[in-house]
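For reference, the structures are reproduced in the following blocks.
In what follows, subunit A forms one complex with subunit B and a second complex with subunit C.
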Partner chain A sequence: MLLTLAFRNLWRNQRRTLLTLSAMVISAALLILALGVFSGMFRDMLASATEQYYGHLVIAHPEYHLRRDLFAHLPDDIADQLALQREAEITGQSPRLRSFGLLSRPETSQPVELLGIIPELEQQVTSLQHQLTSGHYPSAKEHNGALIGQGLARKMKVKPGDELVFVTQAADGSIGNDLLIVSGIFATGDSRHDNNLVLAPLLWLQQVLVLPERIHEVAMVVADPMTAARIADRLATDLPEGVGILDWGDLLPEMREVIAAYDVSRMIVVAILYMATGLGILNTFFMSVMERTREFGILMAQGMRPWTVRGLVLLETLLLGCIALVIGVFCGAVMTLYMQQVGIDLSGYITPVTYAGGTILPRLHAVFEAGNFLVPAGMLLLISLFAGFLPANRAARLDPVVAVRDL
Partner chain B sequence: MIPYRRTIISNTLAAVLLLTLSSPALALDVQSLIREIEQQYMGASSHANTTMQVRTAHWERTLEMEAWSLGRDYFLVRILEPAKERNVATLKRSRQVWNYLPKVDRIIKIPPSMMGGSWMGSHITNDDLVKANHIDEDYDLRLLDETATHYLIECLPKEEAAVVWGKIVYRIRKTPRVPEQVDYYDEELVRVRETHFDDVQQVGERIVPLQLTVLPLEKPDEMTVLRYRDLVYDLPLDETFFSLRNLKQR
Partner chain C sequence: MDYLHLAWKNLWRNRRRTIITLTAIALSIMLVQALHNLSSGVYAGMVDSGVRAGSGHIAVYQQNYLESRDESLYFEDRNLINEIEAIDGVKQVLPRLYIPALAQSSRESRGVVLIGVDPHREAQVNPFLKELPEEAMLRSADSRDAVVGSRLLEELQIKPGQKFVVTAQHQDGTLHSELLYVRGVVSSGMKDIDSSLILIGRERAGLLTGSLSSVHELAVVLSDPGYETPVHRIIATMLATRPDIEAVSWQRAMPNLANAIKLDYASQKFIFLIILLIVTIGVINTLLMSVMERMREFGVILALGSKPMTLRRMIMLEALSLGLLAAAIGSLLGCLATWYLVSVGIYLAALVPETLEFGGVVFDPIMRASWNPGWMLQIALYVVGLTLLAALYPAIKAGRITPVKGMRHY
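Let's turn to the complex of A and B:
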């Protein structure tokens, strides 16, 4: 009975209710869209960092990540020893050896980071093969083919086919040095990699460093990056002494912070926007309650309890909230879907930005994430109830004797 | 050859003057003292066979090398042993350093960013090769302490000098005038490296320590020992010997 009454009351001033409703729908829908785009940006950032370089999980000597110590190495069949291929969640794994040294041409030398990789395996983890600007990804047949960043190629004035010398200190103390032939050039938009990173065959680097059959890490990717930490924890229990596992959150602590902070900043954005919407609701219901003073007076004179009056007004705001929620979530989902499928390309206006270890791509692109719907929806209902509370209280406190005289 | 002879004469003169004047009552010319110490291995020109032993936590190796120098600005060293690295060579001309790598037959110029890197895997850096001989130009020197037998000299970097050390302290024996120990401090003025000079010998007219030990203090079990053998001074060498072409020659 109360529900029917509340529903009817809502539509007594159709224009006002519709205006308030549309404000609520629009704010909810836009919030859902904006949060979807934010999430898309974070996804891009995380994907750029993990797909360009790190992977989602890394198996290495426990000390290796801290000091990048040349001597903190593992056997190159560590992945087989750990039977990682049996882990269904791990979709790619790449053994790597890392060296810091000097890349040199007759005219110039540049300090670089060189990753020794097996091309077929590395392509399962990083996606540099999709970011080539010239040449080709080194094939397994090229014993000294190298993939180098675009910024580095520019500084050294090299193109595919050119020769380079790599010099570093080998593990036996000697000066490790050998020739590389540029196979391809990549551009990720992240200057640290574009200006500094070289990929070369694992076997070649093992010879240069005098570290036969040794690697520094196995980089791996998993289906859902958000599950990486959980998988790392599970795998960590079975690892032998001297082998550790890190997830992307350990490798990119700033990124983890940024993504964790997102949950808080999402609440703040939602709260600010809804504050305005809430004031609108508050205004509507104050007006509505004031107009109905005489009506409430009569209802109470006939025996309606103050609590029931309060409940009636709250039910009205809650009903309005529910309607706004259904329409708003629907509109938000449709817009998010559009941004997910189509998106907006901004590459004509801005260049990629590197932030917290990842790259923010010049595009607006949304992803679906449950929290981006649940938080705005839940908050909308809360704010409706909250905004209804004061008018409801006012209605409940009316003195029927005075109220019925109100005209 | 005349200019060199003139330098030798003036150097000798300066040395003689210094020796005679170095009574406590008279102010010591710290600048020329350090210059003298830093240049003692070189003379106008020098040639030596050297053995370098390097010990680190992970490996230990011994290099046999042949070295030439001219003044404070020219320096060429070539590895003789081990066979794997035979003919790897380093050339220094004023403040620039090149390495020759026979395996790939390439000369590589060490860029400024790598000057702090290890030279030939030892605890001596490329910077040491370049800057050591310019201590008196890059640092303000002052006499820290003087005992009956020793001078203690402190070097603080000049404001505009691009140097790696926060402080250097020389311990120099008075007679014969040779360095005994040099301590290197980082920018936080923490002592990070010690160099010891031992086996003082007469070589021609000079008295020089023939063994140099470098101890990186943060790695207590590591060290580099450099020994000079067959040290000869004042050879007929000129700048053209220290060329990139000669760096490659075997």
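Let's turn to the complex of A and C:
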């Protein structure tokens, strides 16, 4: 009964209600869109560090990642020893050996990071096979086929099929060098990978470094990156002595902080934007309460309790908030969907930006994330209740005798 | 004048409504102004430390070096350093050589880019060197001293004072090695810098590649970023005799930093846009309500012989006085907020404990605003314009009333 009354009251001044509603819908929908795009940037940033390089979880010697010590290695069947393939949450795992050195041609040489990998396993972890600009991903048959970044290829002026020499210090103290043949060239947009990273067969690198049957790490991916820390904690309990596990947050603490800080900054942005909307709601309901002073007087004179009057006004604002929420979330979802499917390409205006150990790609691309809907929606209801509070109090405090005289 | 007086009085007939609308507009102005000043202050700080460690406000390169970073594209300075340093507004010119090399200790090796610098010039401006004590600084351009990133030092497993070897390709195609000693350690908090930085004297670096008196980059650091355009022009005319060399702005030399700022500012502008949109809807609502309430009154005024245009003008004047008042109060609050942000700032380290890097530059832990009076005025006028725009529909509505209909309204 009170609900019907509230709903009808809302539409007594259609134009005013619609204008207020539109302000609420616009703020909610645009906020959802903006948050979706911000989340998209963070997702790109995380992906550039994990899906193009680290993986979400890394098993290595506990000392290895502190200083990437050549001698902190593990046996190359460590994954089998730990029976990692039985873990359902881990969707890919790749054993790797890492080396730093110079890549040379007669005219030029460049410092690089070289990862020794098994091609079919590495493709489960990183997505470089989808980012090839020329050539092909090294196959298991090529014993010295290398995948190199686009920036590096440009600096060294090489194309698929060309030969390169990799020079580094081997585990026995000698200078190790051997020939690589470029199989393919990748472009991730992240300059640190594109200018620096080389993938070569694991067996080849084991020979160059004189580290037969040894690896430095097993990189793994999981379905949801946000669960990586929990899985790492669980796996850490059964690891033998001399083997450690890290999640991407341990490898990139600054990125973990930024993503955690995002939840706070999202709250602040939403609160600031809704302040203006809230003042609009406050204004509308003050007007609507003042107009109905006489009416409230009569209702109270007939025995309506002040609390019921207060409830009525609050119900009106809440109802308006709910309507705005439904339309706003719908519009926001449609715009987010558009930005997810189509997006806006900014590569003509800006180049990729490094941030907190990752790279933000030059595109506006939204992702769906529950928090981006829940926070604006929840805050919208809160702010409508909050804005309705003063007018509702005002209505409840009316003195029937004075109020009925109001014209 | 009479109309203005009337409009002002009309505005205060419903005091609460006007105050609430005023608050909404004023708070939005304050917010937009304070946020903009804060970010422009932060950007200025980032650019300042970015250009000192990087390319300078203006950088001089051999043509094509910037795109290819090909180490064979060096040029002879031929007194260019002193000539540029003599230009008004130039604080320091930093000659640099960038040489890709392999750094080896007895246990480990890493691929690095050696930066050959002029120790005395660099020490005064480079933020990485500024905090090093005298005994950790490179002694001279031909010494075997090296300043090394802290993480790189750890990865090479050596300590200050110990030696390591760098190997690079000489311009004749053979590999040359030089023995270096770790003199100072840089710990910037940026993983990329700390795990790759090696600064050495430029003459020692030149010995490696056989390019002794040459440089890859002259980083021109200005005493004030405002001098950028005139100094750039002077350097460009100076280089007219040497067509193989070009001067570029920091935005081109460090696209990462320039784009980080662009991207951040663009997302901020989007938020500003939403705020202003919502405020405009609020103003339309308020003015429309006040017009609808006064239908009867307008009917009477029209019946007494006023022209519809007069009514319209009066409503526009009401909007104008509302907008001007809000702009004045909002800007005042904006000034107060900016003053606080300039003198106290926001202490970021309390919120985010890790060192933050953005666009390749360490975030200053204290975010400070900077004053942009022109921009603040612009945003205030913009809001006045929006208020007038928002008044158009209510004003047209009021002008369409016929006396008969209006007077029936109550």
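Convention: the second predicted complex is superposed on the first by the 407 of 407 C-alpha atoms of A that agree within 3 Å, B and C clash if a C-alpha of one lies under 4 Å from a C-alpha of the other, contacts with A are read in each partner's own complex, and residues count from 1 in each chain.
Everything that follows uses one rule, which is that contacts are C-beta pairs under 8 Å (C-beta built on N, C-alpha and C of every residue); 3 or more make two chains touch, one makes a residue touch a chain.
In this text, all values refer to a predicted model and were calculated from it rather than measured experimentally.
Based on the superposed arrangement around subunit A, label subunit B with subunit C as either clash or fit.
By the criteria stated at the top, subunit C and subunit B clash after superposition.
I'd like to know which partner A:N177 touches here: subunit B for first, subunit C for second, both or neither.
A:N177 contacts subunit B only, not subunit C.
Which partner does A:L102 reach: the first (subunit B), the second (subunit C), both, or neither?
The answer is both, since A:L102 touches subunit B and subunit C.
Once chain A of both complexes is superposed, is A:R86 in touch with subunit B (first), subunit C (second), both, or neither?
neither
Is A:K155 touching anything from subunit B or subunit C once the two structures are fitted on A? First, second, both or neither.
The answer is second: A:K155 touches subunit C but not subunit B.
Touching A:K141 in the superposition: subunit B (first), subunit C (second), both, neither?
neither
After lining up the shared chain so the two structures overlap, which partner does A:F71 touch, if you call subunit B first and subunit C second: first, second, both or neither?
In the superposition, A:F71 touches subunit B and subunit C alike.
Who contacts more of subunit A, subunit B or subunit C?
More residues of subunit A are touched by C.
Tell me which partner A:V165 touches in the superposition: subunit B (first), subunit C (second), both or neither.
A:V165 sits against subunit B, while subunit C stays out of touch.
Applying the document's definition of touch, where does A:Q110 land relative to subunit B and subunit C: first, second, both, or neither?
It touches subunit B and subunit C both.
Show me the subunit A residues, by the header's touch rule, that subunit B contacts in one structure and subunit C contacts in the other.
Comparing the two interfaces on subunit A, one with subunit B and one with subunit C, the shared residues are 71, 102, 104, 106, 108-111, 167, 169.
Per the contact definition, I'd like the list of subunit C residues that touch subunit A in the complex.
Going through subunit C, the ones touching subunit A are 16-17, 20-21, 23-24, 27-28, 31, 68-72, 100-102, 104, 107-113, 151, 154-155, 157, 167-169, 173, 175, 191-192, 255-256, 259-260, 262-263, 267, 270-271, 274-275, 277-279, 281-282, 284-286, 288-289, 292, 351-360.
Touching subunit C in the complex: which residues of subunit A?
Interface residues on subunit A, with respect to subunit C: 15-16, 19-20, 22-23, 26-27, 30-31, 34, 37-38, 66-71, 100-104, 106-113, 154-155, 167-169, 191-192, 196, 253-254, 256-258, 261, 264, 269, 272-273, 275-277, 279-280, 282-284, 286-287, 349-357, 360, 362.
Show me the residue ranges of subunit A that touch subunit B in the complex, using the header's touch definition.
Listed in rising order, the residues of subunit A that touch subunit B are 71, 102, 104, 106, 108-111, 165, 167, 169, 171-175, 177-179.
List the residues on subunit B that touch subunit A in their complex, please.
54, 56-61, 82, 84-85, 88, 99, 101, 103-104, 106-111, 113-114, 117-118, 120-121
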